[in-house]
Each structure stands twice: as structure tokens, then as C-alpha cells.
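I am attaching a structure below and will ask some questions about it afterwards.
Note that the chains take the letters A, B, C and D in the order they are written out, and that residue 1 is the start of every chain.
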Amino acid sequence: MTDGIVLGANQYGKAENRVVRIVRDTPRHEIRDLNVSTSLRGDFSRAHTDGDQADVLPTDTQKNTAFAYAKEVGVSSPEEYAVALASHFLDAAPAATAAQVRVEEQAWDRIAVEGSPDGHDHSFVRRGTETRTCVVTVAGRGAEQRTWVLSGLQDLVVLKSTGSEFRGFLKDAYTTLEETDDRIMATSLTARWRWSGTEGVDLDAAYAEVRATLLSTFATTYSRALQETLYAMGRAVLETQPQVAEIRFSAPNKHHFLYDLGRFGVENNGEVFIAADRPYGLIEATVAREDAGDAGEAWTAVPGFV
Amino acid sequence: MTDGIVLGANQYGKAENRVVRIVRDTPRHEIRDLNVSTSLRGDFSRAHTDGDQADVLPTDTQKNTAFAYAKEVGVSSPEEYAVALASHFLDAAPAATAAQVRVEEQAWDRIAVEGSPDGHDHSFVRRGTETRTCVVTVAGRGAEQRTWVLSGLQDLVVLKSTGSEFRGFLKDAYTTLEETDDRIMATSLTARWRWSGTEGVDLDAAYAEVRATLLSTFATTYSRALQETLYAMGRAVLETQPQVAEIRFSAPNKHHFLYDLGRFGVENNGEVFIAADRPYGLIEATVAREDAGDAGEAWTAVPGFV
Amino acid sequence: MTDGIVLGANQYGKAENRVVRIVRDTPRHEIRDLNVSTSLRGDFSRAHTDGDQADVLPTDTQKNTAFAYAKEVGVSSPEEYAVALASHFLDAAPAATAAQVRVEEQAWDRIAVEGSPDGHDHSFVRRGTETRTCVVTVAGRGAEQRTWVLSGLQDLVVLKSTGSEFRGFLKDAYTTLEETDDRIMATSLTARWRWSGTEGVDLDAAYAEVRATLLSTFATTYSRALQETLYAMGRAVLETQPQVAEIRFSAPNKHHFLYDLGRFGVENNGEVFIAADRPYGLIEATVAREDAGDAGEAWTAVPGFV
Amino acid sequence: MTDGIVLGANQYGKAENRVVRIVRDTPRHEIRDLNVSTSLRGDFSRAHTDGDQADVLPTDTQKNTAFAYAKEVGVSSPEEYAVALASHFLDAAPAATAAQVRVEEQAWDRIAVEGSPDGHDHSFVRRGTETRTCVVTVAGRGAEQRTWVLSGLQDLVVLKSTGSEFRGFLKDAYTTLEETDDRIMATSLTARWRWSGTEGVDLDAAYAEVRATLLSTFATTYSRALQETLYAMGRAVLETQPQVAEIRFSAPNKHHFLYDLGRFGVENNGEVFIAADRPYGLIEATVAREDAGDAGEAWTAVPGFV
């Protein structure tokens, strides 16, 4: 092209492969329930400008591989599965310079049945709380190859019915909000944390630890703002997970407004609230180690602020 | 009107009031998180044909009442709250012949924190599994007043990774399905059960019992079809809850198809599945006592088959 | 069973078959984009109580048939396609006493291109407004066979920025709503109309006519309540469609609240509104001919009030 | 903090303010139906680390301002409204270094009524097709102030029933996809284009032009891959809009698979397809001028690849 119009950044892949892996080597089955999205980046200009697909590993092939690797490699953790898959795609597609694999995982619990204190062998009920996530990016080949791993969660819905205030804020001509020293604070948390390295880390155990840290910090921190609470949660994770370099949060402030019952002569001392849908506050923040190091391509094309 | 066009069945109300009730009589708070929909039926023809609102208790007033009753009456169970609310509306709106209140409840768990073996006093995490529901209909006044109570749940997602077959079915020229003696069976269950009476029933406890019965029956019943499993689940509920007259199910068959890995030389003995979105089988059934008695208006306008 | 617990009403089928039919007999293609759900009712007790599938035409077969019939029968209208499919299922499944087929149709427009005043031959853009629906129920065999046809639409979103009041309503202790003689009225309309017969009716043309009647009546009727508007819309349809026996509406009152700008010294004469999500009024009504005749199984298991 | 843990990038604001603006200066009303999200960035560390809100302009105030500006400034275009709002927030919040305002707009058409060839004065029906979007970022103060404007659309659903092939792609051991020289191609397009400057641009007219260019290019370009089609669409926009510096696309490949009717002896020459939900191909690409210039903060925190 000589008219000054060029192809810029691009990527392509297969999104939302619903891979369900059952481990049935013994009568006591295990289940991993994944939603896997893959993408390749690199020099795919011929496909764009000339319609020539010679460099393009089809998204259908990426899908096949995502399913095959659930058996060939297995899913010891979503992160390890994603690293294997992303690395493979760089081998399979010579024009690619980087591959990114995103995984969302739904948890299942064993159904409680009489006589089986640890739950049923092959019957499960969806846990239904937050979704576990990871984003793995692998770039380069051979000795130059670099791997970035983000772990995370989304839709962890938490609420505290007291222990939250909001006061002393900046006011202008459009400010009508009343200060409050007691309110409900609730959010549906999305968090992603970047590993400086995952060597020696049991990623399933680490996930449970980070989740527990986030929850207990939320519970026990008196909150003067959602910002303060997020920062405290981030600090707590970094203090307990030495291999986590940074953590990013996106937290909608799910407003619960005190319903005005005084109009009907009914007292309402923080007892009856209306949960609002929209609009909502949206608080996003990063907590990082000063020596976190360059994040490289870890966050490239990751949806949203986190 | 003399042209032979008339008003038929009608109802109106306020849908999806998001009522959150905190009980804070002690430092250990309780939370009930409700989505409340109200409706009135009766002779509201003047509002339709003449635009005369004199008989119409506004939906905004119904909203106010739903919030006020969360304090004035409280929410000892969704069902009892709904009965109080529906009865009140019949008093408040003389033109109404019946009132229906539907409630959906989201469950919250206390956040686990060190030093509090029973969880935090005022910090909660959304349980995230199924939604508990009820539909209460009250019709008539004074000695003629009748009350029907349906309890239920929706979005209880269960899966068994073996112990399910599907064979011996009717075949015609369009049948291509292979018989199978081992498959994944999964559903997102909706159930509603009708009480012949709720006197003496602890409705919160009964909910937990019915849920446990449904889950353990699903887990322990070898399935020759989703129909058979639903029927067994219904029987088990009726056998253990003498005051339940009937139970209705709506159960999408959430298909998990074995992914064909043989094309790549990879064995797949029931280990890797693709979870499909649409289409899905949809199985709906009622299990009832022969002497269940007339359901009256219990199911009027209840959404869907259940 | 002799313990007094029995199978009650039940049905099963394949929901949400996404059938896209392209007519390409000439270079100018036509498209029908359908979401088809099928269900069978009848004596399927053996499948429930004994796990015996001999009477069960699999939902997978129903799916295959839905796709095959899009070619074998074609889709001259969703209603005619549904009648053919439902009738076929009664032949294919001797245990069935009735079959119901529901169709949702998305409309597409031809893309405007230079030199083609009537739009492109084979490139389309989703119209994106309301979904057209039908529910067809066929019961019985031979001379006894009866067919009921409901046509409808859902998600037709309309708004009028004036010409709507709400006054003179019933008040009680919980009433705080102010009377208004000028407000926004908006709804996302669902309607279903039942045909007394469809002989000689061009169903595609009739759909367009009913839609136009609903819209123009909404536009030109001064509204003293959403109830009055719905009733007027229903009358208008019955007056112009002699073969429609009744029409049912479900209309959420999508509240638009005047935003209080006076607090900042800004006048707001019906100019700036906040569109609320929940709660919302929900108005449901039927308008019928007095001699509409028995609806039979037309409305059986149809989701919601309409 | 001296333990090496610090606050990183952060922002906060009010998301999804549903602002509906009616212009009623004459009996012929105009409507703009917006979903407005605001956010501020800068040095808000005290709120995070000390719970001190003195720098924090509450999200509630941002909400009030979004509604007030719909009247005080008006909405001549979403972009101009967003510029005014973002600039104001920098004045109102001294700690902010940048403000970003995102707007989504739903279009409404006037309802057709007899006797009004141009549609009704104050009754509207939701157009229902794509959502128009913009993202405006303003950074700095006084002479240093910079403004970036992205315009865009999302959920523009298009389909071509022929004129699309996919052949000659890279194959490996996991490739099973058949080459095809005739398929359905469909996508739900998201696009964002960055203005090098908006001086002299009629942004409402430009939106309509870009939309028309995208549609007609999609329609008339023979497609050897979705990549090629996107690139052609991007080129066409840049060729016709001299002030657009770059355009980014995210395009799910909404797969339509030919349904295998041969199993029932029915021919299917590209006539009956099943529309699949997941997984889907996801193609993302940028088309830019070589001299587009630095994008600065235009794309900071914009959700997704586009």
C-alpha cells in the first residue's frame, strides 16, 4: 500500500470454548469446567490485505487443540493448561509472535449424601460464587521466549451491613450526597494478580489463599471508602504472596440506599434498603511492589481496567 | 361497550422490588436479600376503558408497602412476608379480588475470619447457588379468604459425570442419535412445590430439607432418562414432606457432548466434553398426591410450566 | 404405584433450535432467522416411572426434524412452519396427545448499497427491533385434530415524551406518588393474539398490520394510564383483524423519573429524566371478543401471563 | 509506606448513568437516550492509603453533573456533551489529572402515523440496531490541556448469505476444518475510530456516514476471510473520513454451520444452517494512517481490544 493506510495491531482466535474435563481414573471423579479463549498475534498482514490464509492457523484448529490438550496435557491448574496451550500455538503458527490464552473456571462441589462424609463420587452441584480466571501470554521462541501469568477472579459478591462510612469528601455546586457514618458497602469484585514467577507455586492452593485473604480483609477492615478497602485488600495479598508482583481491582459500588420509611411513620435505623442497579460507582485500583518489574505483555488486550 | 369487544383477565403491580432487610438488633446481623413482585387482580375495568384510576392502588404504593412491610412485619420467611403483603393489598384495594406476591431470595454466607468460628458478624459473601422462590396468592375476603403458597428454587445447577444412560427410545426417519450407556447428565433445575397447608411448618427448615432431598436423590439415582430422575426427585420430596401436595419441575437438559479426539489420535473415554448452549432438551413434569386437592388459583399466572 | 403419588402434567422437547433458512433459488436471497422450540405432551409415564424410553421420540430427533422441515416444508410464515412441525410430531410419536411449537423470529433488512435501490441481494443487517413470535398447539388425530395459533411480538420498545398523565388514583397510608399531568410513558411490549382461524390470512402481512396498529394507537392515544393505552391498542387490533379472537399484553412500565435539577438551580421542565431499571410497573391485560369461543389448549404452558 | 508496596494506576467514577434528554422547545420533540459513564484519574492516594476523601469528588456528584449538563450544555452530539463533562470534572476535582467520559446512545425512530409523513411529534419506537458509542478523554489544564475523541458503534449485526469463502489456511495435526468456497459470514461488529481532530466535523452526520460506509463495504466486498473484510471496511472509512486517524474492530465470527440434512435424504445446498452460540471466532484489527500520530491517552482503559 502506498496511500498511507496500514494494518495496525491485530489478533485473532477462538473465544469461549466450553471445555469440561472429567478425570475418571478412579471411581471418584474430578471435574474442571472451563471457558477457554485463545488468540494469536503477529504478522498476519497477508490475511488482511490479500485474503491469503497461508499463515492463518484456523480458529477451528485452535478449538480442537483446546479440547485435545485438556486430555493430552490435562488441567492440573488453569494456568498450567493455558501455558501449554499458548506455547503450542507459537510452534504451530510460525507467523505468530505471541499467543494469549484466557480461562474462566466454574467451581463445582460434591453433592452431600448419607454415608459419604466427603460427598458423592460423581455427582456435583455448581458452587455458583465467583469465577476463577487466568490470562497467560507467551511471546517469542526458543531462548527468547517469555511467559506472563495473571490469575484472578470475577463476580465475587460481598457486602458488609455496617463498618463503612463515607465522609469529608470534596463538595461542589452539584454535590447533594449526605455524609454518612454507617452504610451498607457491597461490591462484585473483579481482581487479577500478576505473578513475577510461578515456580514452586501450587496455583490451586494459591488461588484459595488469595481468595481467603481478600474476603477476610474485606470483612475486618473498617472502611472509610471503597478505595481504602481495595487498597487494604491488595496490600494483604502482596504481604502474603511473595511471588505476586501486583494486583488490580475493578469494584462496582453496588449501592444500597436506605429506604425512606419515615413517610409512613416507620423507623428505619439501617434496616431496610433498596438495592440499586444503575448507575453505580466504579472503583479501580492497582496495588504493586515498587520493584514489580516491567509487566511486559502481561496486560495486553486484557478486557477492562483489570 | 356494545360492539362485542371486552376486557378479559388482567393484573397489575410492581415487579422486582429489590428489598434488602438487615436485622441488627444485636451486633450479629442477619440479612435477607429479596426481589419482590406484587400484583393485583379484580375488577379494574374503569382504568382500562375510561382511564379512571379511582380503583387503582398505584404500583408505586405497592412498592412502598413492600419495603415498609420488611420492617413492620419482618421476613421470618419469604412465604410469611408474602402472605402478609398479599393480604394487606386486598384490604387496601377494594376492587381487587386476588393479590399475588412473588419473592426471589439470594442467600449470603458469613465470611470466614480467624477467631470467629461461626463467621463474621456483619460481613457476607453471596452464596451464589440457586435462588429460593415463593409465590403466594390470596383471594377473597373475610371467611371466604383463601391462601395458596408455592415454595421453590431456580437455577440449581447439578451434573453427574456418569451413572446416566439413554437407550431404547423411539426412532423414526429423522433419528440420528446414538444410544449411550454412559453420559454426562446436567441440568439447571427449577422446582416449585405447593403446600396443602403451612401450619406448623418451619418454612426455612423445610426449604433446606427439600433442597437436600432433591440433591441427594439426583446424586444417588441411576438415570435412564432425565424424566426418570425428575420423577424420583419429586417422589422423594412428597415422601418426606407430608404437607407438600405436588411438585413441578422444569429442567433443561444441559448437553455435554463428547468431543471427538479420535481425529487427532487421542483417546477420549468420557473425559473431555463440550458444554453446549443451544438447543437444549427441556423436560417438565409434575409429581402429585392423588388426593392433592384442587390447586385453585395457586398456579395462576405463574411464569412458565412451573 | 399404590402409595398415592402419581405423575401429573408433563411435557418434553427441544428448546431454542437456531434455524436459519436461506432461500437462494434466485441470486436475490431471502432469509428467515428462527429460534424454534418444540414439545410433546401425552402419556409418557413409562419414561418417568420405569425409565422405559420406548414412547419417547428423542429431543435430538425433534431438533433434526425442525431443521429438515425448514427445507422440506419451508418457512412461508413461522406459523405455517410450526403447524407442519407440530402435526408431524403427533404422527411420529403415537403416545403424544398434543404437540406445541414456539417460534421467535428476528428480522433482517437488506443493506443499502449504491446502485441497488432495493438493497443488496445477499447482505443483511439485523433490524434489531421487536422479536416476532408464534405458539402453535396441535392436539388429537384424524377428524378430532384441533389446531390453535397464537401470533405475537416481544420487546417492542416504545416511548412517548408527553401525552400521558396519571391522576385520581386510590391513596392509602403508603401512597407518596405525586399526581402528574405530563410524564414520559415507555414500555417494552409483549403481545400475543389468538386467531379464531387463519384460513385466508396472509400471516406475514397480518403481522405487519397488527404491529402498525399497535404502534399508531400507542402514538395517537392520549394516556390516562398504561392500562387505558393497552386496552385501546387491543381494541384497535380486534377492530381491524376480524379473525383475531383475543389479544393479551404484558407491558412493563419503564419508569423515567424527572431528575431534580432544581437543587443546582437548573430548571427541568420535562427535559431531563433518569431511566430506571428496577422496580417497574407491570401491566397485563386481555382484550377479547365476547364471542371469542373457547381457547382450548391455545395458552397451555405459554410462558408468563401472555 | 516503606515496605515497598505502593498504589499504582487507579480511577473512579459513576458508571451507567441512564440520561434521557427530551428537547421540547417546540411541539416536535427530540430525544437522546444515553448511558453515561464518568471516571477521574490522578493523585487520589490519600483516599486509598488513609481513607481521606478530601480530594474525592463523589461519584454521586459526577452523576448529578451528568444529568445537569444534559440541560445546561445539552447533547448536540454525544461527543460534544462528553467533552464538556470531562473538562468540567478537571476543574471540579483539582487532584484529577485526566477525566474520561464514555457514552452509549440508543437510537429512536418516530412512530409512523397517518397524516404525518415524517412521523409522530412525540411518540417513538426504539430503533434497536447498533449502539452508538464515544469515549472522550481530557487530560491536563490550561494551555497543556489535551482532548482525545473516539467515536464508535457496537452490536451492529450483519450477515451475508454468500460471497464468502475460507481456503488455503495453515494446517496442522489438529486441523479438521474443511475448506469452503461458499459460506454464511456474520458478525456483531464493534468499531471505534479515533479523530485526529473534530474541528468542523458534524459528528452526527459523520456517524451516519461511517456506519453507511461500513455496511456497504461489508455488503459489496467478496470475502476470503473476516480479516480481509474488516481491513477493507477500515480502509473505506479512512478514505472517506480525512479526520479519522485510525479505526479498530472487534468482530466475533458468528458461525452458521450447514445442517447435515443428507442423513435424512434431504438436499441442503446452503439453505439450512444452525446458528451457533459458542465458541466463536474473534477477529480484532486496527487500520490506521501511517502518519496517525501518537494516540496519547485516547485508548487508556477502553474496554477490550477496541
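Going forward, contacts are C-beta pairs under 8 Å (C-beta built on N, C-alpha and C of every residue); 3 or more make two chains touch, one makes a residue touch a chain.
All of these numbers come straight from a predicted model, not from anything done at the bench.
Looking at C-D and B-D, the interface holding more C-beta pairs in contact is that of C-D.
The geometric centre of chain A is 38 Å away from that of chain C, both derived from CA atoms. Centre-to-centre, using mean CA coordinates, chain B is 23 Å away from chain C. Each chain gets a centre from the mean of its Cα atoms; for chain C and chain D, those two points are 31 Å apart. A straight line joining the Cα centres of chain B and chain D is 38 Å long.
Looking at chain C, residues 17-18, 64, 68, 174, 176, 263-264, 277-278 sit in touch with two or more other chains. If the chains shown are joined wherever they touch, the resulting network links each chain directly to all the rest.
On the chain B side of its complex with chain D, the touching residues are 173-174, 176, 263-264, 277-278. For chain B in complex with chain A, the touching residues are 17-24, 29, 31, 33, 64, 67-68, 70-72, 108, 111-114, 120, 122-130, 156-163, 184, 212, 215-216, 218-220, 256, 259, 261, 263-264, 266-277. Interface residues of chain D, counted against chain A in their complex, comprise 3-18, 37, 39, 44, 47-61, 63-65, 68, 92-93, 166-172, 174-177, 223-225, 227-228, 230-231, 234-235, 238-239, 246, 248, 252-253, 278-291, 301, 303-305.
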